[in-house]
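Below, chain A partners chain B and then partners chain C, in two separate complexes.
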Partner chain A sequence: MMSAELTAVLGVGQTKYSTTRGDVSIAGLCREAAYRALEDACLDFKEIDAVVIGKAPDFFEGVMMPELYLAEALGAVGKPILRVHTAGSVGGSTALVAASLIQSRVHEKVLTIGFEKQSESNATWALSLPQPFSVSINAGAGGYFSPIIRQYMKRSGAPELIGCMVAFKDRQHALKNPYAHLHQSELTFEEVVDSPMLWNPIRYSETCPSSDGACAMVLGNEKSGDQAENPVAWVHGTAMRSESNNFPGRDEVNPLASRECAADVFKQAGITDPLKEIDAVEIYVPFSWYEPMWLESLGFAELDQGWKMVEDGTTSLEGGQLPVNCSGGVLSSNPIGASGMIRFAEAALQVRGMAGDHQVDGAKKSFGHAYGGGAQYFAMWVVGSEKP
Partner chain B sequence: MSETEEPLRAELTVEYPFTRTTGDVIGAFMTGLREKRIFGIKRQDGGVLVPPLEYDPVSSEPLTEMLEVSQSGVVDTWTWVDPPRPQSPWNVPHALALIRLDGADTSMLHAVLVDSPSDMSTGMRVTAIWEEERVGHIADLTGFVKEVEESDS
Partner chain C sequence: MTESHPSPSPLSKKVEIPESIREVEPVRSIRSPVKLVYDFVPSPPVQEYLRSYSKKRILGHRSPIDGAVFVPPRGVDPRHGVLIDEVVELPDRGHVGNFCVTHLPIPGRDDLDTPYVSAWIHLDGANVGFLGLVAGCDNDEVHIGMRVQAVWKKEEELGNTAENILFWKPTGEPSIPPDEAGNRAWDHDK
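Entry: the complex of A and B
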């Protein structure tokens, strides 16, 4: 059997995440990220073979099939353009679909982009689509996830303020990332603890913001990775899994699809001890408690022990063994359709040594992660500074 | 199984509020309408797009050179709407036409307000009429009417 083509991240482009990008259309926003990714890759649109885009559901912004409207802005005229849709994990899945086009040798260089303009819609309402014959409780994402978080707290015996510690840590990390939406330099841990309780146990400061933004990557085959002027990130493993959000016996705290997806991606990357072998982690944490929950599910921590890594500072960029979300994470920037791709792109920046002030010194292998829906869609990759 | 039993049915109306950020190009077009002016944009090949687009349809390069076009032009093709639908901005029978304004290389869909389809023909000349109150919206343009030929002077 012929092996997959080696795939490299040649370039990354991000917009400054903010509440409202009132100065640009959706096309202009995407163009900005795409252009920066091409610039980083030292390529122009003409050298791109295909474009793969992802965003949250169409009714988040009310543009149906935006991939058609965006073709000109993304240099896709006369080229294949493909749109991926997997709810909140879409940015990750989109990157993986783009990677698969290289791995399968269909294309040599692919531009991939995720975007969202939350200022143009109301994501909470769009998530609460009423269904005939069923009761809508308009709970929003926080209302959906808070009982699951409470179940984790009970199961693990985690102290009550672990979530606040995650939120405070990620907001401190965000201060080192110029693209992060929230730059709360005056924020104190006490203010996080004292912020209003939205969906007990989730406080206001433990939730993600609503952001406008786009993130793009240029992926290329082995030859283009070898020829790149800037350092590249080599893809060591890619995996996606999904499960229904409601079936008898489902472990909602630690979904089977998450565990199997992680096992698959680490097996591909030849990683047996993720905590030791991975240098930087970008996981999808829209509500603070998901950091310890995912650390356990992914195999970075023993079951019910993930919260200890938060408490003892393991996940902090300031000297922690496994810095998590050095970019500030989803808790500091959340353009939904882009949020997964930002995790993947930030993981790539770390092993390229191009993460700037939030760089983990000497990072060789990093992990990017996205989840979506009712914690039911998963996308993950492992990237490295060296070829696999 | 009863033959008379109706299947269960329920109404479902999905409605969300949206806003739209226009950006420089579409924004300038909209602002122009408020001032009774119609702007297009020059493509890289020199052709003029009305309404304007942000990116070149062939090269994908950003387009920036906006220019005002005439308020009169030619009907490229048309259809007749009678009766108007309840949601229509025009409550009288009217034509919907693709109108190529003088100075433009593309045609724009809008209404031609004439009395009957016998007043319509491909190639006829039309000119814009405007709303009194304008807000920066395509509906600031009431529609188009037959151009009155100016006598030579």
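Entry: the complex of A and C
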């Protein structure tokens, strides 16, 4: 059997994430990220073979099939352009679809991009659509995830303020990332704890902001990785899994699809002890408690023990063994359709040594992760500074 | 109509703002809500489910593979990809599988005072839950495993809708242990 083509991240481009990018249209926002990714890759639009684009469902901004009108802005006229839909995990899945086009040798260089313009949308209410066969009672994503977090707290016996510690840590990390939306230099831990309850047990400060923004990457084959002027990140493993969000016996806290996705991606990357072998982690944490929950599900921590890595500072950039979300994470920037790709792109920046002030010294292998829907769609990759 | 209209070039031309509105903040965007009205035609099992609500009956579907009961009935067992046609009637009693105390209002539900409790209701005999409002007690008293029963609308207000159940109130019966509550109570090896 012929093996897959080695795939490299040649360039990364991000916009500054903010509540409202009133100065640009959706097309302008995407083009800004795409330009920066191409600049980083030292390439031009004309050298790109295809474009793979992802965003949250169309009814967020109310623009139907935006990939069609964005083709011009992304230099994709006359080229294949592909749209990916996997709810909140879409940024990650989009990067993986782009990678598959390289791995399968269909294309040599692919531009991939995820975006959201939440200022032209209302995500909470877009996620609270009334359905004829049930009562309208769920208030957005927080309403959905709050019971799952409550269940984790109960079964793990974690101290009540672990979620606040995650939120405070990620906001501190964000101060080192110029692209992060929230730069709350004056924020104190007490203010996080005292912030109002929105979806008990989730406080206001334990939730992600609503952001405008786009993130893009240029992926290339082995030859283009070898020829790149800037350092590249080599893809060591890619995996996607999904499951239904409501079935008898479902473990909502630690979904089977998440466990199987992690097992697959680490097996591909030859990793047997993720905690020891991975140097930097970008996981999708839109609500603070999902940091310890995913650390357990992904195999970085024993079951019901993930919160201890938060408590003892293991996940902090300040000397922790496994710095998690050095960029500030989803808790500091959430342009939904881009949020997954930001995780993947930040993981790549770490092993390229290009993460700036939030760089983990000497990072060789890193992990990017996204989840979506009712914690039912998963996308993950492992990237390294060396070829696999 | 002899006056010619040169093409507008607002970027190159300085716009003179009238004195009277010079202190007013410029408009950068407007909010323009849109509405889409459509008819919903439910699948036959869901039609039966909704019609039975008007008679204060709740229907489920039992899987031919392992006997798991789904509510609402969708005609399929999504785990095994098989059709279901065995209808079972479920009681309007069950337990709280899990819940959220919500402090945000929901559009279209002006009747709800915040904070309110939305919960996964697991009917006795069903193996998945659905969302419902829990009321009739203090929010602080709601817990995983709490026994509840439906409070229905008045007979003359009943329609073909799940909204016939106004809320779920505590029955006062002993609670179910948390490990045996909710979806997780189902034994995979059954």
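Please note the rule applied: the second predicted complex is superposed on the first by the 387 of 388 C-alpha atoms of A that agree within 3 Å, B and C clash if a C-alpha of one lies under 4 Å from a C-alpha of the other, contacts with A are read in each partner's own complex, and residues count from 1 in each chain.
Rule of thumb we're sticking to: a contact is a pair of C-beta atoms (placed from the backbone, for glycine too) under 8 Å apart; a residue touches a chain by one contact, two chains touch by 3 or more.
It should be emphasised that the depicted structure is a prediction, and the values quoted were computed from it without experimental measurement.
Colleague: What is the contact status of A:22 with respect to chain B (first) and chain C (second): first, second, both, or neither?
Modeller: After superposition on chain A, A:22 lies in contact with both partners, chain B and chain C.
Colleague: Taking the superposition as given, does A:121 touch the first partner, chain B, the second, chain C, both, or neither?
Modeller: first
Colleague: Between chain B and chain C, whom does A:150 touch in the aligned arrangement: first, second, both, or neither?
Modeller: Touch status of A:150: second partner only.
Colleague: Touch test for A:45: chain B only (first), chain C only (second), both, or neither?
Modeller: Touch partner of A:45: chain B, not chain C.
Colleague: Tell me the contact category for A:130 with respect to chain B and chain C: first, second, both or neither.
Modeller: both
Colleague: Between chain B and chain C, whom does A:62 touch in the aligned arrangement: first, second, both, or neither?
Modeller: Both chain B and chain C are touched by A:62.
Colleague: Contacts for A:199 in the overlay, against chain B (first) and chain C (second): which applies, first, second, both or neither?
Modeller: Only chain C; A:199 stays clear of chain B.
Colleague: Looking at the overlay, what does A:73 touch: chain B (first), chain C (second), both, or neither?
Modeller: Once the two structures are laid over each other on A, A:73 reaches chain B alone.
Colleague: Common interface residues of chain A with chain B and chain C?
Modeller: On chain A, the residues that contact chain B in one structure and chain C in the other are 20, 22, 62, 119-120, 125, 130, 132-133.
Colleague: Give every residue of chain C touching chain A within the complex, in rising order.
Modeller: Per the stated touch rule, the residues are 28-29, 34, 40, 42, 46, 49-50, 68, 72, 78-79, 97-109, 115, 118-120, 127-133, 144, 161-163, 165, 178, 182-184, 186-188.
Colleague: Tell me, which parts of chain A touch chain B in their complex?
Modeller: Within the complex, chain A touches chain B at residues 20-28, 31, 45, 59, 61-62, 72-77, 117, 119-122, 125-126, 129-133.
Colleague: Considering the complex alone, what residue numbers of chain B touch chain A?
Modeller: 8, 10-12, 14, 16-24, 26, 53-60, 62
Colleague: Within the complex, which stretch of chain A touches chain C?
Modeller: Chain A residues touching chain C: 20, 22, 62, 119-120, 124-125, 128, 130, 132-140, 142-143, 146-148, 150-151, 154-155, 196-200, 244, 246-252.
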